[in-house]
Each structure stands twice: as structure tokens, then as C-alpha cells.
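In what follows, a single structure is set out as C-alpha cells and then discussed.
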Amino acid sequence: MVPLSWYVGLSSALFLIGLIGVLVRRNTLVVLLCIEIMLNAVNVNFVAFSKYQHVIDAQILVFFVITVAAAEVAIGLGIIISLFRLKGSVNIDDFNILKL
Amino acid sequence: MSFSLVNILGTMPEIYLTFFGCVILILDTMIPNEKRSWLAYFTIASLIFAMIASYGLNGKGLPLYQGLYIIDPFSNFFKMIIYIAAIITVLFSLPYLDREDIHIGEYYAFILFSTVGMMVMVSAGDLITLFLGIELMSLCFYVMVGLKKGSHRSVEASFKYFLLGAFSAAIFLFGISFLYGATGTETISGIAAFVANPGSLKPMILLGIVLTLVGFAFKISAAPFHMWTPDVYEGAPTVVTGFMSTASKIAAFGVFLRVFWVSFSADKVDWNLLIVILSILSMLVGNLVALRQTNIKRMLAYSSIGHAGYASMALLQPNRESLFALMFYVFVYMFMTLGAFGIVLMLRKSGEEGEDISDLVGLHKRHPIAAFTMLVFMFSLAGIPPFGGFLAKFYVFFAVIHAGYAWLAVVGIVFAAIGAFYYLRIVMLMYMKDPESSVVFNASSMGRIGLLLTAGMTVFLGVYPTPFVEYIKSSLAIFIP
Amino acid sequence: MSFYVLIPLLPLIGFLITGIFWPYFKGKGHIVTVPLMIASWVLSLKAFSETMNGPAVHIKLFDWIDSGSLHVAISLMVDHLTAIMLVMVTTVSTLVHIYTAGYMKDDSGYDRFFAYISLFTFSMIMLLMSDNLLELFVFWEAVGFCSYILIVHWYERKPSWVAANKAFIMNRIGDFGFMLGILLVYVVFGTLNYSEIFQKLPAHIHDTINFWSAFNGTTQYSVITVIALLLFVGAVGKSAQLPLHPWLPDAMEGPTPISALIHAATMVTAGIFMIVRLNPIYNASSIAMSVVAWTGALTAIVAATIALTQRDIKKIVAYSTMSQLGYMVMACGVGAYGAGIFHLLTHGFFKALLFLGAGSVIHSMSGEQDIFRMGGLSRAMKITFSTMLIGSLALSGIPPFAGFYSKDLILSDAFQSGPTGHIFWMIGVLTAMLTAFYTFRLIFVVFFGKENFSEGEHHHGHEGHAPHESPLVMTFPLLFLSVMAIGAGWAGNHYDIIGFLSQSMPVPHAIGRPELSEDSLKSISVIVGLVGILLAYALYGKPSTVPQKMAQQFKWLYSLSLNKWFFDEIYDLIFVKPTIFLSFLLWKEVDKGVIDGIVNGVAEFCQTSAAAIRRVQTGQLQNYALVMAIGLFGMVSLFLFVR
Amino acid sequence: MTFLSIPILTFLIFFPIVGGIFLLPFMKMKDSDTTVKWVAVGITIVEFIASLTLLIGGNPGTYQMQFAEDHLWIPFANIHYTLGIDGISLVLIIMTTLLMPMCIFTSWVGIKKRVTEFMIAILILEGAMIGVFAAMDFILFYVFWEAMLIPMFLIIGVWGGPNRIYATIKFFLYTLAGSLFLLLAIISLYFKGGHTFNIVALMGQHYSPVFQDFAFLALFLAFAVKVPMFPFHTWLPDAHVEAPTAGSVILASVMLKMGAYGFIRFSLPMFPKASIFFTGFIFALSLVGIIWGALMALAQEDMKKLIAYSSVSHMGFVTLGIFVFNAQGVEGAILQMINHGVTTGALFLCVGVLYDRTHSRLLSDYGGIAKVMPVFSTMLVIFSLSSLGLPGLNSFVGEFLVLLGAFRANAAVGVIAAIGIILAALYMLYLLSKVVWGKYEPRSWALPDMNRYEWASLLPLLLIVVWLGVQPNALLSMLHVSVTHLIGQVNPASPLASLTGGF
Amino acid sequence: MEILSFVYFGGAILLSALMVVIFKNPLYSAMSLLSMFAHVAGLYIILEAEFLAGVQLLVYAGAILVLYIFVVMLLNVQAQGRVLQKQAPVVFVAAVVAALEVAFLISRTHFYPEIPPVPHPGVPPLGNTEMIGMVLYTKYLFPFEIASLVLLVALVGAIVMAKGKLKFR
């Protein structure tokens, strides 16, 4: 049996990759994808715990997380489209009117 | 698994609001443009209706849905604040939306939905409900911040808020997953038992605590998770800023408090340090950077960061003093901050919002009452008696000293003194200089009612807070007897 | 209430009436004050006669300060010393009041002036009648204030207010010591009342005080000595002794009547009065006594040397006053309190006479004060001349004028007071010669010789007119005083004033057998005086170039004398300039620079650091996220490594 | 105790505040300035008369708080609305009420814009100041203490001189920063002292020495800034110079007293050990303050600055006197507080009289005004003499008692403090020489002698200056019992030690 | 066997996630993400969460990613200029530190078998879709409703945001 810690390690690595992606990519859309990676890391964690603790609740939580992820993507894409209309760009560093 | 109707009844206020929100969505498509103000009245009415419904549930400490949702006086108190904040926001919105050309009926629906989200937050009995509440609220705000669609700043603010919000939500969820993994439950009270006796899983719990803390700190905009605050506050339509800076923050405080005090109180020594760091950093950043701001909304944003620092000092010790301090603080904070934003959103400069600090110059000459109201808010925010802000600060320091963190109180004091400067600067500009720009103060009758309410309460809470103190005392009685 | 109360009260009423309503008097200020003053004078004569053989009178007016164990009441005490002083003070004051009516005529501050001299008289009387140190101090300062306000009477002239400030501040410095003395008295004796102090004195005679205990000093000083010396500092200031004397000559910037009243007869003698009043304390400390004696002696001789070369008629008289005050202080220092008081009284009369005479001269010269621009005035001003001559003779100690009796008493008492007494005696004799010299230098230059003034040279006043005798209101006081200058000494001697005074103070007892008899001592001083007069005649009695030659010969000495031993310059250099420099330096550099700099620096620092922190807020979304991430993992590492 | 069944202290506090609020409608009215002024004068005079009932009803024979009122104010943390006065606060309250009409009179001509608001600010300020002296609950005290800053902030900032903004912000922040530490100390006291904010109850406690030291220092910061003591004084010249005359008067006469009052009311009785421990420190600062203020005053070219620095010097005497812990010192200090209030207030009024005519405060712009303004000059001379401590006028008694007390406590301290008296003569005479004496040179401005409003503001003070100089016992007698009690609190072992003299 | 499949799925997940970050073209990134989603679904199957695996594929791959690709196409953004932000080096250093911290934390935790005993006795077998439905509509009814509200808000919000600056009616 695979130790739980492997799963936790996997999800942590995934989370970190997503985190790095959020921090380094210029493209807004890719950053959004990276956030999805982070959320998936959470899901992996939950499912693994669910398995190892024999509790179904964790799977429900994953269900909610997926829902929220979908909602976020919908809103996020809406905002990005709106922003793209105004600026004609999806590079994050172009969005810096508000600062200091 | 038993399921009783009580569960439904207990959540009736939320259901009402959701229902009314949907009604507004439908009404919006039906009523003509000129009658749009009726939507505002309808919103206020529905909020008051829900408020009365919530009040009816007061005093019943009910865990609903098998402990996933808690109706107790504590959450009710926060709900009341949120209702009031929402009502005042709607009072301010009516003229503002017209002027800013935001003719979107969904706005009022979003106000109601976000209110539901906050209510869910403060009543949440488990972390996932809590998370959903946060998301509900946040999604509404993401949209509301970007409502000034023609404005680069507004949409940019919306984007920034969204992306960082999603980022922090992911971190928060990751934290929940660790907590869940360590304890096997996600209910707030369930976690507490494991935190008290973590065994070898302690590192995971610690990680969970830190990660959830980040999520909360983001919502209350405590440094170093505050970075979105100034940008978003500045870019957002001012009514939304006012609502965000008060209601969402207060709801976040309520739930922050509940999670940390109930779930993690056994591990207090560990997270106390984090809170201390958070509050010091927040006070530092908030009070210092506000000194250099030229945009009043930005300045108020930094001020709200500073206030988050003060308020979070009251989170250190789960006892009656701290609880009271926090509750009183957010109560006063709501009125004074909302009022300050109210003044800002009523200032117009040649068709735009007068949100530069220089627009306030000489306000006293033109609009003495507006200036005086602003003076009240500013002194109250600075924590000068006899305004409510003083007692709020007082109780926080009271709690901090009671918790044994006198040195932290000293730090807080130093920053309070520094912070007083930028509030004073506003007063100074309003009163001691001659007007330069052609700013007009454009208050509708509803706006005036809103200002009267906020200013009046700010003064009243400083001079004779007794009825509210009694109310707060009764609210915290169940939480900490 | 007995009539004693009226003695100070009447001048006070005069002051209040004229002081409050002075704009309405319009040159008639004398009609209120002079009669009141005369009444007061009469009453003080009555007081004198009442106390002649009776016990001291003690009247408590009201409680002034009660605080803890401190109880100070304003009371009146009339004993022999007070009574006799009262007579002198009220006499001179009354005469000066009368004289003023003539001298200050047409002055714009006429009524004001009367108010002030009445106030002064009140204060002086109260000073004399005080029964405790604090009350004494109050009126001590009050007379100082009156002196200030009277010196500054012609406030538009810069020298006036400079001199007034100088007088006040120098007195303040003296009072600083005096005040400390009072404090120490209270600390030691627990009371400020004379009688109680004297009662407790024997018990504390060997007490010591560690003055610098706060700074871990260990030196112990005898309390009584310290008290005596501190109080004496006050006397030094008030009685213009070295080194706090320079204010007195400068005070001559004031109108002449007050020079006569305040700066010759009354106020300046307050120091001597105080020493005599507190004689038990001084008697208990030999160190203090010798300090007092030396101070007096040095003052006497130094002042006399300065007077030799002065050109200003009032300054000459002023230095002579200072010199005579030195005599009196010296007398006190050798224990000859009675002689001191005696000389004080006679000096009061003849010096007031000299001043008033000088005033008469100045008046007739329309304000000219340089003696070398006068000359030959004896022809025009016969009364003034003759009275001045009487005064000068009295001052020079020529029998039978008043000065002879009192001065010789001092000298003989000094001589008899032991080995150091001889030195004092010698100084006194030398001073006497110098005194006679410069006094008659003045007489000869002013009243004899050729007229050195011309119409055109009159700077002040109306078109210069020929010198003329002063009106009766001015000459009457002169005449009256010259009678006193003639008779006071004899009368004092005849009626045994020393015996009278000894009822309230000890009489010095001679130490050992004197080598010289009293008569020979007297004759020596008279001879010396005559020598002085002759010298003056030789040099100034007729046109002569000897003075100039001598001045050139002893240039150094001459300039030392002419420039008043450079006291003013030295003080300017040591105290005035550094203080002003220091205050500006501290203000500009330290107060504004450092202290305020720190205050503003804190604000500046906040602003600067705010600007620095603000730069974190780049507007770049991912920077924000990075900060959050760093915050997150920072907190995690805090757990890992700190906890 | 009540008078005509009205709680007199509450009345005194809220009458001017309510009066000020009732003046609000005048803001919108045109040409209402004169009416407003008269109404304000009326309110302050009624207030003064009402405060005299304290004298009648008060019992000088007890140190207990009189006219006490006590209501629960805020039910959490046991915050009460407690009022009460003893002899010490009594005299300060009466001084405050006395000075206020004069402040209004002096503003008659000087304040030209926004008169109504000025009067409102003054009236509210008066209420708050009386509140400070009357509060017997620490939080209530703090509320008044801080609330007072707001009208003062506006008075300086709105009606002040050219550099008013810098001055007023400095004033506000400086005092606020100090006060905040006071707040901390108050809260700590609550927990250490039996969970109450009642000042009297807090006095009777025994606190650990370490706590005493820290709390004392916190209080010290607040009060030292207010007094102001030596290194914390730099806000004072700025604030004084820029404030309108009435502001300067209130600042100098009443507000500075609050710091000293704080020492007397709180520091000494609550932290006796720390007070004794820090005596040397306070002495040093006071002495430096005395000398420093005097030296600074000597270097000034601006009349108000000169007087402001002289305040530093005079207040040095006050703090010195408080910490000598004997009857003379403390009573002298309180007397000196009153004296300084009257005298310096009057001096500021005098400067105001000149300033209203010339709009210059520079010494070099004046000279020889005795010629054209003889009556005013007389007043100025008398007040200056009072300021330099001429016996017979009020300040002397206070200074003497302080010196006596200091000398008894430590001879060297007394000696150094006495130097301040010499220096006081220097700078006051310097002021007189430059302004009153000298040759009058006509300038572009006219210098008529005093008008009746100026008479009304100066004459009462003149009478008080003389009266207190001649009859200090009138005041002292109100203080004896309270002061004795106070000293007993500092040194409970031998409450009479200070009365028995000795070295 | 289990280990082998874990290694496969895990490795693939990490690799695809890395690819998401590394690919310059957002479309490629999206495709890598698709791969990641699929592998995560595989992992769920190993973990006996078949229902979730289905949901994962349906919602993520089927809905979210399609929407996403649609937007990418709509905006038609060409990759231009830098791919990475200026702060990338800092991020990498920080990431190494963070990875070490997390690894340390995980290594210090002893998960199984010391995991706390199963809290609910008589637990039905996992992966039971019926069971999930049962719990979801009783215990988690309220969050479920809130989730629906979240979706409603997202729906309306996305419309409002994406609609552009149009005069409403």
C-alpha cells in the first residue's frame, strides 16, 4: 500500500508547482490555470485522506471544491475578457495603473 | 440520518435574502429604467425583513445541519452588523450608481447574495461551509468591484482582487485539507478535540493553521496579505469599497475568531506569535504608508489595514475581554469607515468622483456639515475621544493588556500616534486651507440619512455606548460565558 | 489699630490714589502725596518718641503665607533701630517729596513720579518695620522695584532703561543669595521670625551643612556662616558693595530726587540695616564677619578711587555714596553696628543734601551734569552752594559736621577691633582722605573758577539761560537737610545714640588695649581730611595743569579710575556676552537643532520609511502574490526554526 | 452634594458644551457675530458664577472628593461616570472658569472669521477642561483629556498664524503620543488595582515596584509632554506662537496645568515608590527646564515665543515643587500653577492687545509704547513683574514656596532652581525694555490705548495678580488638607514628616 | 501494483503540471492541464473515488477547460515578449526553500497507521455514489445549496463581467 505521506507529498509538490506558476507566468490565462493546479492539489489531498480514513465526507468536500473552481473560472474568465477589451492585453504586468 | 425542519427554519434569513435576490434579478428585467430606485427600496426592505427574522432567532444557540451551521447570538451579532452595513451601503448607492452610470440591476442582487455569503461565513460550523460562504461573498465582490466597466481602474481592481482572492482561496483550501487530514473532520468543534491532542500529526496541524491563517489574513487584509487592499479599494466603485472594507472584513473577523478560538485554542501558544506578527506588520504598513497617500480611498484602505492590525490584536487570548473588544471594535469600525467612504462618494469634481485628498481642501468653507461629519469620522478613526473609535481602541488595548501582551500594546500605541497624523491631515486640509478645486458635495436624501446614521452612531458609541455594550455582552455570553 | 499702622499706610494711600488716578491729576500729584507724607513723618517722629524708652512694639497685620509649618505674617515691629531709621527715612522722603514738586515740574510723568516715590516710601517703611525675614525680603524687592521704575522714569532715553535693568538684575543676583539665605534659615531654624531665630540660634551654632550632598560632596560647612554669607550677598547687591556695585552709579540716570532718596539715603542702606538687624547671626560667625568687613573696606577704597576722576556730578556723589556704604558695611563687619547705623543716619542726611544740591545745580544748568562744563556757580546759586559746602564738609568728616562724629566712631571702633582692625582703620583713613579730595574737587570745579559753560553748549532743555537759584520748594529741603548735616552728628553723639541703639544690638568691646587713644585717632582722621581738601584746592582750586599731567604720568592708574576699574567691561565679557551667546547658541543649535530636530526627525523618519515601504506596492499583481507566499512560508519557517 | 439639587459638576461640564451646541444655528446666520459673542460671554460668566458655588458649598476641611457623582457609564470594564473635586481641582476649575470670559473678550476684535465656530470651540473646550479636573474615573478623565485636544487643534489650526498647520499638528500629535501611553498605564492599573477605574480606589492600592516604575514612566510621558517638561517642550513655542490669543491663553493657563495636575492626582498617590524613585530624574529635568526655558526666552525675538519659553521655565518650578513631597513644595507648586495661569494668561492677552493693533509680535517692531499706551504699558509691566516673581504679586509666593520645599528636600536643587529667578528677571526686563521702554517711533499702525473689551479681559487678572500676591492664604487654605493627604499618600509611613521640619 | 500506478499517475501529474507552467503558448498549457486532470482522475480511481473521477473529468476537462480554451481562442492572444515575470528568480529560490520546508514538515509527520481511529463506526464502503448522494443531500444540504448559489452568482457575474460596457437595455 502506498503510504499516505506519498500522496501528501505529491499534492504538496503539485501545490508548489501551481504556486510557482502563479508567481512567475506573465500570461493571465496561464496564471488562472495554475490556480486550478493548486485546487487540484487540494483535491488530491482530500481524496487521499478520504481513502485512508474511510470517511466519505472528504469526497463531498472535493465535490464542493470542484464546484467553486468552476465558478471561479467562469467569473475569472469574464473579468479577463472585460479587461482584455479595455487593454488589449492579457499580460499581467500591463495591469498596473493601481499602485503605490 | 435524521433531518428536521428546524434546520430549514434556522436558516430562514439566508433563504429570504436569496429569494429576494432572485426576485431582484427578475424584477430588474421588468421594471423600467426610471423606476430603478425602487430596487434600492426593495433591497432595503428585504434586508430589514431578514434582519428582523435574524433577530427573532437571537438567543437560540442552535447547531443546524449536524453542526455545519450554527445560529447563536455571536453569529447573530455579526449578522446584524452585516445587515446594517448593507443597508447603509444601499442608502449610499442610490445616487452614486446613477452618477457613476452603473445601471445594473444585478448590483442589488449581488449585495444581497454577498450578504448571504457573509452570513454563511459567520454562522458556518464547518470549514467547508465557511469556505463556500467566503467564495459566495468573494465572487459577488469580484463582480461588484468591476462594475464600472468603462473604467480601467475598476476592472483592473476586479481582476487583481479576483486573482489574489482565488490564490488565497487555494491556500486556504490547502490548509483545510491538511486540517482534515490530521483530524478526520472538518467541523470547527470537531477539529478542536484533535488540536488539543495532536500526537505526531502536529506538524500537519501547524501547517493547516498557518495556511488557514493566510486565508483569513487575506480577507481581513492584514499585512503581509494586504497587498490587494489599496489597489482594490481604490479601483472599486466607492460604495462597493465601503461595503467591502466593512462588511466583508467584519465577517472575516467573526469567522477568524470562531475558527481560531474554537478550533485552535489548544494550540494558542503557536499561533499567538503569528497573530502578533500579523498585527504588528499591519499596523506598521497601514499606518506608515497611509502617510504618503494622495488618494483618499487608498488612504482609507491603508487605514483599514492598520485597523485590521489593531483588531487582530484582540484575537490573541480567547477570553471575554478580547471577544468584547473585537466585537465592539468591528461595530464602531463599521460605522466610521462606512461613513468616511460615504463622504468620499458624495464628493463630485467635474463629473468625477472627488477622491483625491486635495479635493477635500477647504471643504469646511463650502460644505461645513460635510466637513464636520468627516471630522467626526477622522477623529474617530484616529481613536480620539469622545468618538466611538476611541472606545474601540481602548477595549482592544484593554484586551491586549489583559492577555499579558503589554509590550504589544506599546507597539500599538506608537503606531496609533503615527497613524493619527494622516487622519489629522484630512481635518487640517478641510478646515485650515482655502478651497482650490471645484468640488461639490452632492448628497441625496438617502445619502444624508446614511451619513446621519453613521456619524450619529460614531458619536453615540463614544458618548453613551451602554445599550450597545449590553447587546454585545449578551451576544458574547454564549460564546464565552 | 494703633497709629503705627498709619506710618506705612499713608504713603500707600498716597500711592494708590495717585497711581490709579494719575491721568486725572494733570500735574497736581503733590497735593495728595506730600501732605500724607508729612503726616507719616510726624507719626514716625511720634513713634520715635514713644519707643525712646519703651519696649518694642509688635503689631500683626494679617497672615500672609501658611503652608505646612511655614507661617509668615505681615506684621509691624518698631524697636529702637526701626524707630530711628524711620525718622531718617520719613524725613528724607518728605523733603524729597517737597523737592520733587519743584524739580520735576513740567515733567510729563510728574504724577506718576509722585506715585512711585510714595510707593517707595511705603516699601521702605515696611522694610524697616518687618519682623521676619520673608517680609523683609518682600519689601527688599519692592524697594528694588521702585528703584527700577524710578530709574526708568525717562524711559525714552536708552541709558535710563539700561541702567534700570542693570539695577534690577544686579539686585536680583544679590537677592538670589538673600533668598537662599532665607531658605536656609527656615530649614535650620524652622522659622523666619527674627526673635525666634535669635532664640534658637545658640542651639544651632555648631550645625553644619553638606551643601553638595546631591553631588556626593562631603564638605561640611558651618550653617551659620553659610546663612550669614548668603544673606550678606543680598546686602552686597542692595548696598552696592563690591562686586555687585556697578548698578549704583548707573542708576544716576534716574531723576535726581530719587538718587537722593533711594540711591543715597534709604534703599541702599537696607543692606546695612539688614546686617544690623540680624547681628546675632553675624556675631555668631567670625568668618562671615571678616568677609563683611573686607568687602566693606574694599568697596570704600575702590569707590573712592573711582570717584577721583569722574566728571559727572551725580556719579561722583554716587561713588562717594558707595564708598560711604562700604564704611558702614565695614563697621558692621568689625562689630560696630551702632557706629554703622549712626553713620547711616548722618550719611542719609548729608548725602541726600549733596544729591539734592547736585540736582539743584543740574536743574539750574538745564540738565548739564559734567562738572567741567560748570564752574563759578557759587555766584549764581548761593543757597545751593552753601548747603553743598556744608554737605561736603560733613562728608569729609570735618568737625563739627555730622560726618565727623559717625565716621570717626567707625574708624575708632575698627581700630579697636583687633589686629586686622588696624588694616581696616588704615583703609578707612586713606579713604577719608580721598573722600575729602574728590568732594572738594567737585566743590571747587563746580562752584569756583571760571564759567566753563556757554549758551550754545546747552544740549537739553529750553534755550540755555544763565544759571539761577532754584525755587523755594527746592531750596527748603536743602536748608533743612543742611541743618541736619550740621547737627545730626553732634546730636547723636550728645544724646548717646549708640546707647540708644544698644538696646537692640550689642556694642563692640575693644580687644586689648588700644595703642592710640580715641582722641589721637580722631585727630588723625581730621587731619587727613583737611589734607584731602587742601590737595583738592591745590589741584582744582585754581586753574592748573597738574591734574592733566598727573593723568598722563599715571596713565594706567588714571584709566583704571576713570573706567571704574573696568567692572562693567569685565562683567560684560564674563557674564553678559556669554549668556546671550549661550542662549542664542542653545536655542538655535540645541533647542531648534537637536531637540526639535529629533521631534521633526521622527516625523521625517516615518515619512521616509513610509515612502520606502510604499514601494513594495508596485501594482504588479504577482509581486503581491509573492509577498503573500513569502509571508506564508515565512510563517511556516517561523514554526520550524523559532519555536 | 448638589446645589439646588442640580449636580453642579455635571452642570459645569455640560453647560458650556450644550451652550456651544445651541450656538450652532448661528453659523448660518448673517451678521450674528456680535450676538454670538455676547451669548458666549454670557455662558462663560454664568459658568463662572456657577463655579463659585463650589467655593461656597465646598468644605476645605476634608480631602474627600466633594460634590461627588457616580453613575455607571459603560457596563463593560466597569467604566463609571464619576465626578468629584478636592481642594486642588477646585482652585483649578475656578481658574478655568475665570479665564474663559477673558478669552472671549480678547477675541472680540482679534477673531474676524467664523466667529460662531470659534465660540463653539471655546465653549466645548471649557467643558472638556473642567471635565478633566472633575473626573474621578480614569477613563472619563482620559476622555476629557483627549477630547480637549480637538477644539484646541481647531482653534490653533483654523484661527492661528501663518505657520499654524505645522504648529497645530505638532501640538496634537505630540500630546496625543504622550497621552496614549497614559491610556496604557490606565488599563494596566485597572488590572493591577482591583478591576476598577475609580481614581480614589486606585490610589489605595499597593502595586509592585516594577509595575510602579513602568506605570510612572508612562504617566510621566503623558504629563511631561503636557506640562511641558524639558526635552518635550518644543511643541509649546510653536503652538503658542501660532495660536490666536485666546488659544494661547487657554493653552498656557489651563492646558499646561493639566500635566502638573496629572502628576499630583495620579503619579504621586498611585505610585509613591516610583515617585520617590524617580524624584532625582524629575528634579534634573525640572531644573534643566527652569534654566533652559529661561535661556531660550532670552534668545527670542518673538514676544509669544519668549513668553512660551518662560512658561517652560515656570512650569519647571511646578514640577519641581510637586516632587519635593513636602507641604510647601506641593502647595507652592499648585499656587504656582494658578499664578502661572493668571500671569502668563495675562501676558498673552497683552501680546494679543498689541497684535490686534499691529499684527506683529516681533520685539523689534515695538519700543516706547509707554508713550502712546500708558495704561496698557502699566498693565504689561505689572504682569511682567508678576512673571518674574516680584514679591507682592502672585508668582512670588508660589516660587518661594517651591524653592523652600526644594531647598528642604535638597539644598543643591533649591540653589539651582533659584538661578531661574535671576534669569526670569533677565528675560522679562528684556521684554519690557524692548516693548515698553525706549523711544517711540511712529509706524504705519495706530496704537490706541486699551478698549473696553481689553479692559474687561485684563483688569480682573490684574486684580487677581495683586490679590493673590497679598493674600495667597485665600488659595492656600483650600489646599492644606488635600495636600497633606497627598503627601501622606506618598509617604504613608510618616505622613507628618514633612510638617515637622528638620533636615 | 498500486505503487506502480501511483508512481505513474503521480509522475504524470507533476510532469503535466510543470508543462503548464513551462509552455509558452497558453493553448499548450491548457492541453497539459487537460493531461493533468485526466491523470488526477486516474489517481482518484486508485483511491477508490470513482464518482469523483467522473466528476473530475466531466467538470474540469469537459466544462472548465473547454470554456477556458474557448476564451483563449476568443482572445486569440499571441505569446509575445517574456514568458516569465521579472521576479521569477526570486520565486525559484523561495520555492526551493518552501519545498524544503514542506518536505521537512511531511517527513516529521507519521501519517499511517497512527492516524486517528475512524470517527464514524459502521462506515459504508467508499466510492459509493449512492452514499455520496445520501450525505450530500442530508448533512451537506446547506453547503450544497450555498454551492448552487455560488454557481448562480458565477453565472450572473460572468455574464455581467463579460458583457462589456453595454447600456443595459
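Letters A, B, C, D and E mark the chains as written, and numbering starts fresh at 1 in each.
One rule holds in what follows: a contact is a pair of C-beta atoms (placed from the backbone, for glycine too) under 8 Å apart; a residue touches a chain by one contact, two chains touch by 3 or more.
The chain list, named the UniProt way, goes like this: A = NADH-quinone oxidoreductase subunit K.
Computed from a predicted model, the values in this text were never measured in an experiment.
Listed by label, the chains that touch chain A and also chain D are B, C. Using the contact threshold fixed earlier, the set of chains in contact with both chain B and chain E is A, C.
The highest number of C-beta contact pairs joins the chains A-E. Taking the mean of C-alpha positions as each chain's centre, the chain lying farthest from the centre of chain E is C.
Closest to the protein's overall CA centre, chain by chain, comes D. Inter-chain centre distance (chain B to chain C, centres taken as mean C-alpha positions): 77 Å. Averaging Cα coordinates per chain places chain A and chain B 26 Å apart.
Rounded to whole angstrom, the centroid-to-centroid distance between chain C and chain E, based on C-alpha atoms, equals 101 Å. Between the Cα centres of chain B and chain D there is a gap of 43 Å. Residues of chain E found to touch two or more other chains are 85, 87, 91, 98, 102, 105-106, 109, 111, 115-116, 118-119, 135, 139-140, 143, 147, 150, 153-154, 157, 160-161, 164-165.
Multi-chain contact residues of chain A (touching two or more other chains): 4, 8, 18-19, 22-24, 31-32, 48, 53, 55, 57, 60, 64, 68, 71-72, 75, 78-80, 82, 92-93, 95-100. Of all residues in chain B, those touching 2 or more other chains are 128, 132, 135, 139, 142-143, 146, 149, 158-160, 163, 167, 171, 181, 184-185, 206-207, 230-231, 292, 421, listed in ascending order.
Applying the touch definition to every pair of chains gives A-B, A-C, A-E, B-C, B-D, B-E, C-D, C-E. Residues 102, 105-106, 108-111, 114-116, 118-119, 134-135, 138-143, 146-147, 149-150, 152-154, 156-157, 160-161, 163-165, 167-169 of chain E are the ones that touch chain B when the two sit in their complex.
Residues of chain E touching chain A in their complex: 2-3, 6, 10, 13-14, 17-18, 20-21, 26, 29-30, 33, 36-37, 40, 43-44, 47-49, 51-52, 55-56, 59-60, 63-64, 67-68, 71-72, 74-75, 77, 79, 81-85, 87-88, 91-92, 95, 98-99, 102-103, 106-107, 109, 111-112, 115-116, 118-120, 123-124, 126, 128, 131-132, 135-136, 139-140, 143-144, 147, 150-151, 153-155, 157-162, 164-165.
Residues of chain C touching chain D in their complex: 23, 62-70, 134, 137-142, 145, 149, 152, 155-156, 158, 160-162, 164-165, 168-169, 172-173, 175-176, 179-180, 183-184, 186-188, 190, 209, 211-215, 579-580, 582-584, 586-588, 591-592, 595-596, 599, 603.
In the complex of the two chains, the chain B residues touching chain E come out as 1, 3, 7, 11, 18, 25, 33, 64-66, 68-69, 103-106, 109-110, 113, 116-117, 120, 126, 128-129, 132-133, 135-136, 139-140, 142-143, 146-147, 149-150, 158, 181, 183-185, 190, 194, 199-204, 206-207.
Residue ranges on chain B touching chain A, taken from their complex, read 128, 131-132, 135, 139, 142-143, 146, 149, 152-153, 155-160, 162-163, 166-167, 169-171, 173-174, 176-178, 180-181, 184-186, 230-232, 234-235, 292.
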